[in-house]
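Going by the order they are written in, the chains are A, B, C and D; count residues from 1 in each one.
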Amino acid sequence: MRERFANGFDPFVIPFLIGMAFVLGYCIVAMIRVYFQLPKPDRKRFLVSLVTPRTAWKNIKDIFLNCLIHVKLWKRNKVLGYMHSSIAFGWFMIIVLGHLEVMLFVPERIHLFYYPIFFNYFVAETEQTLPGSLLMFLMDFFLLIILSGIVLAIIKRFASRIVGMRRTTRLSLMDRVGLYSLWAIFPLRLLAESFTAHISGGSFLTIPANWIFRQFLGNDLHALPTWWAYSIALCVFMCVLPFTRYMHIPAEMLLIPMRNAGIKIRHPRKGFALLEVYSCPACGVCIDACPMGVRKANCKDATVYLNRQLRRGNERRIAEISDKCLLCGKCSAVCQVGVEGPELRVAQRERRKYALTPDYGMIDAASLSQHLSDLPFCGPETAPVEGSVLYFAGCMTHLTPAIRRATTSLLDKAGLSWKMMDPDGGLCCGRPLMMAGRSETAQELIKKNVEIIRASGCNTLLLSCPICYKVFKEEYPLQGIRVVHHSVFFQELIAAGKLQVQHEDGLRLVWHDPCELGRGCGIYEQPRQALSAAADLVEAGRHHAESICCGGSLGSLSLGFEQRRPMTQNALKDLTVADPDQIVTGCPLCLATFSRYADRPVHDIAEILDGRS
Amino acid sequence: MIYQGKQKIWADYQKEIPDDHWFYVRSCIRQNFFPASEKYFLVICRDMLGRDIFETEHHTTCAGIAYHCDTIPQETAMTVVARQFALMTEAGYENFVTSCITSFGNYCEILETWREFPELEAKIREDLWKACRREFNKPKYIAHASDLVYKFRGEIAERAKYRLVARATGEPLRIVEHIGCHYAKMFPHKGVGGAEYPCVLSGMAEAWGGQVIDYPERRHCCGYGFRQYHIKANRGYSLSNTHKKFESMEPFHPDMIITNCPGCPYFLDRWQYVISEMTGKTYGQNGYGIPALTYEELAGLVLGIDPWDLGFQMHQVAIEPLLDKIGIPYDPARKYLGVDEKKIKTPGLPTTLKCC
Amino acid sequence: MVNRQPVISIIGAGIAGLEAARQLSALGYKPVLIEKAPVVGGHVAEWNRLFPDMSPSEDLTGPLRAQTAGVRTLLNTEVASINRLKDEYNLILSDGSSLLCQAVLFATGFHLFDASKKEEYGYGIYDRVITNRDLEAWFNHKDDRRIDHPKAVGFVHCVGSRDVKAGNAQCSKVCCITAIKEAIEIKEEFPDAEVYCFYMDLRLFGKKYEDFYIKAQRDYGIHFIRGRVSEVGEAVDGRVVVKAEDTLNGKPIKVTLDLLVLMAGIVCNPDAQHYAREIGVAVDDDGFLKSRNNVDAITESSRPGVFFAGSCTGAKTVPETLAEARSAALAIHQYLNKPR
Amino acid sequence: MDFGYQINPSSAVNLDQVDRRRYDALVRLSPDAATCMGCGSCSATCTSSAWSGMSVRKVLLGLQRGRDAEVNRMLSACMLCGKCTMVCPRGINTRQLILTLCRLDKNGEVVR
């Protein structure tokens, strides 16, 4: 290899250099800004994590696997996985290989930013070496990989169903500019390299292409303009990058270490929230995942659009999207970069100002505690013992008395000592307030409820409502008291032989994973095991973390009754793909919501178990 | 306001009032509040119009106040009333006229009760016999004294010295009529004009040249309400009722209020002082109040009887601006002279309400 | 099918009478319509639009009139008296003639309650107090000086209905929905007006009625106040001051209105009572004519040959009246063809 | 002068004078609020009512009758549990209604 130009420079690299300088400068400033927007303890925690070997290694691994290989996407959709990783990893490899070439052949030029990118323009092949040929081969190979990815991307853009997406994101103008420049980069590179392949050498892609072009293009006059075009495409892409979804490329590289450091959203618009917003690649996976998507009008309320509106600062739309969401968490579950859609929305809700502040001063927790202590236990014991159960039905269970009756009946059958915390209705657990963005207010209720729970003397708190369960488990200071959802509790009793459940052959049940229980608390298997003891279990079309929200969620503030109906009906359609006899769930709200439109019986898991024990 | 509509209703509620020969019973309280009213009723009917009105010193209260204050049962009131009827029967009269609206309501109520429950009437007859060896016939006609004045309104108008018009402009005076609740609200057909649009007072006012104004709270009680006033803890309630009426009539700028009940003119008159003391507000012109007159006082005025003989010095609200407006002469010096023409004490003056 | 052409007299040429005449003509009879008014169509012809489709009443009465044009119709004619003969009835008409008929159909309809009897509401006394009939007339002719760009309008439901003191303890059935219909129409005419409906119960039993109610609430912002108006007074500017108890709030309520519409109820036509007594047809204790029973023989009287259609037996909606008229026509047909 | 009694304010609600701005703003923001028919399901099921007398029905009525203090007291007691939304036969999103009301100042303006 020899250099074609003594000064190692040609003006066509200038656009590339401008783009590079701009994007680097922008990203560095942005990263520093995000860092300083973090609260102080978070900043410290982040720095510590960077130097902790375990997290540092995890950071590298996660960045490699997620940003380059897109493993999550592979798991979800092979075509999309290939498309994204081909472009990301291929490009990454081209850059790496370019540097290797420079280091191998013209090591003195390694300090020039543009050299590895435009290597083939600046060198002429003098002799074919094995490393050289190998590198050339790899360069062409990865270019081919990228081009295949680009072809898929183009197909996806115009016919998303072919690549397995029902809907794809509607791109903004800047996104389009970024997209087309990105699409343009690699064909241009192929052209540019092909035009100069008879000088610089090439491999299986560029050499034949060079031969073909030379058959009808008599001279090399078009080579330089093509390199110019390649450089300009790069420049355009890098210059628009901060204003497009491609900002996710640098943002995600900061997001991963920050998340690994355990940092959470503390401010609706700053710091980690900002980073999540910029990390959104606008891939649109969340659009299909969103249960609201059954109504076409709600497609624009998916997390991807929240992120876009947050970047634009469109307050009206931010409020609208934030309030509408059911907070089912499915967008988070499917998101490749882990943008926390629900948390982002709740953070926006928390920001809201109110003219009225809640005041629960009139609720006398002491007298409620006294009342509860005076309430006799059901079961063998008269006083609280190890294993005494305090059953909190919660607001919603009071609207579904079948759950309450089945749960208490099962407690009796298991021979436990129990009492009910809210036989005549109690305080709300506080979770609905939190969902509405009023966490501080919820603390007041939490304090009162803790006082009441402590007064009972029980060390197991049983919940039949996952909404309550999540908040009791995560937000309540209840050290020494086991907080358990009834589906888990009864599964354990069955496993321990304390509850005898008879299997009804031929009865086919489907389990609906309630959002708060499944994605919210990670409980998927225990209810299935318990139900398997009672009947045959079939699965819904989407289940476990992919389960579809019933549409009744308290998470949504603004969805009206009629707007929720198609969501419920869609969830029901998915639940009944295997034609189960009955639908079983573990949430009173899901139960009430499904019962409204279901064409077959809907039961709580406690009812099923109680009926067969 | 569609005047013909009212006339139509009045036509539906005309009651038969015999022209002559009445047995008259007085009110318990009017002689204290408006001492000349009953006297001039008799003077006008007997001396001026030549009617036979009989009264006896043996009659008592009708027990209406005690009944409405829940201090006696209705049977007691019935026996008292039966005695009044016995006096009428003994005097040879069949037409019974009462000075008091509550009495009128009480008599009507008792007669209606007896009509519905004849056994009760029999029992009362027996009780009356046991108590005072008296027997009675039920009156053939029962009327309130204002019914008679209403009936005689034309004759009075013919004899009138003054008309209820402003002397300066010739405009009719704007008159608020206030009917006692017990006049027709219980038995609309027993009142002239019914319960909703009674014309017993408005008929007089119009016959004598005035213009009646209808204001939204026209039907409302004066506020007396017996228990509401008599128990001091409830007295604010009584006052508030009256206040509501004044607030409602204020935009109509009435020149006077005429009433046919013992309590109403008293409360409509005296509460104006109390309201002025409490709120600083007066409802008449130039800091004066709105004079509240009984129908007898009004009849006396148009017939030219001296205002001080009619007892206007007993009113809280000064009558003088009204007299000036109509053009009735009066001698201010005579206002506080007693029957023997010696000066009686002059009352203290309110802080806000202008009184002379 | 019919041996001798029988005579069927229909008293009243409102929609019940017209529809029955139309059906009987179709069955081959020659009914006689007797109408005391100079025109046919009855109350419905005076109404502007009909709930729940807001169709012009002319859409109903126009075709009915046209299709009964061939029926012998005696306008400006009252029935002076009726005599019952063996199997026949002799009607003496106000023009002195008589009509011997084999069947009599009472389609005598209702009387609108005389709102001035509720003296406390001041109909006929206060300028701004009108009735539902006045309002419909205004919708038809837009000629009523009392309705002049009102800013606040009230509707009083149950005027002379469900009121023993007014002599009618029954529900007039159609006033709730009529009030809502008229309230919406007022809002359409005067979008800036505040409209209040004072009701005791909202009885919106019919098809689409509840939708009307929701529309009135949500789309027209009509205020519904549960409480009966106790009294109406006139303010110094001639507007009316309405007092009621807001029973859901447990407090008295007062509002000044530019227009108060009284939903006068439906009471029986006194003429019908008079005729019924003459021929020994029972009158119910609600004042309406008494059907043989109120389940499956609404159109039949206690006397053979005497039939009922429409609101002579109680308050009816238009579709009910039409259905009864058809049913009565069929009942008459069966009666006349019964072997005896 | 102290008479030992006073003019009591009228218990009657004068609709001519009631300030309905907050209610008007509410129905502008969520028109379904106007469809309340006063059935009382919300009050009967309310988690908070045992302590506060909270009732969405009364809130809506109170707003139209100028009972601001009572309305605010009730609204402050709401725990947003959503039971009222579950039972409302007219499908009114009562929870959103409450949150919307809490955001309105006494002039019916959204606080910022």
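By our rule, a residue touches a chain if its C-beta (ideal position, glycine included) is under 8 Å from a C-beta of that chain, and two chains touch if they have at least 3 such contacts.
Bear in mind that the values here come from a model prediction, so they are computed numbers and not experimental data.
*Asks:* Which chain lies at the heart of the structure, taking centres as C-alpha averages?
*Replies:* Of all chains shown, the one whose C-alpha centre lies nearest the global C-alpha mean is D.
*Asks:* Comparing centres built from CA atoms, which chain ends up most distant from chain B?
*Replies:* A
*Asks:* Return the chain pair with more inter-chain C-beta contacts, choosing between B-D and B-C.
*Replies:* Between the chain pairs B-D and B-C, B-C carries more contacts.
*Asks:* Once you find the CA centre of chain A and the CA centre of chain C, what distance in Å lies between them?
*Replies:* 66
*Asks:* Any idea how many Å lie between the Cα centroids of chain B and chain D?
*Replies:* 47
*Asks:* Using CA atom averages as chain centres, what separation in Å is found between chain A and chain B?
*Replies:* 86
*Asks:* Taking each chain's centre as the mean of its CA atoms, how far is chain B from chain C in angstrom?
*Replies:* Centre-to-centre distance between chain B and chain C: 46 Å.
*Asks:* Please set out, as single numbers or ranges, the residues of chain B touching at least two other chains.
*Replies:* Counting only residues that touch two or more other chains, chain B contributes none.
*Asks:* At least two other chains touched by the same residue of chain D: list those residues.
*Replies:* Answer for chain D, listing residues that touch two or more other chains: 10, 32.
*Asks:* Going by the contact rule set out above, which residues of chain A touch chain D in the complex?
*Replies:* Answer in residue numbers: 323, 352-360, 362-364, 395-396, 398-399, 424-428, 430, 432-433, 436, 438, 445, 554, 557-562, 589, 592.
*Asks:* Can you tell me which positions in chain D touch chain B when the two form their complex?
*Replies:* 1, 3-10
*Asks:* Quick one: which bits of chain B touch chain D in the complex? Just the residue numbers, please.
*Replies:* 232-233, 235-237, 239-240, 243-244, 274-275, 277-279, 351
*Asks:* What residues of chain D sit close enough to touch chain A in their complex?
*Replies:* Residues of chain D touching chain A: 32, 45, 47-48, 50-52, 72, 75-83, 85-88, 91-93, 95-96, 99, 101-106, 111-112.
*Asks:* Which residues, counting only chain C, touch chain D once they are in their complex?
*Replies:* The touching residues are 196, 202, 213-214, 217-219, 221, 223-224, 226, 243, 246, 248-249, 251-256.
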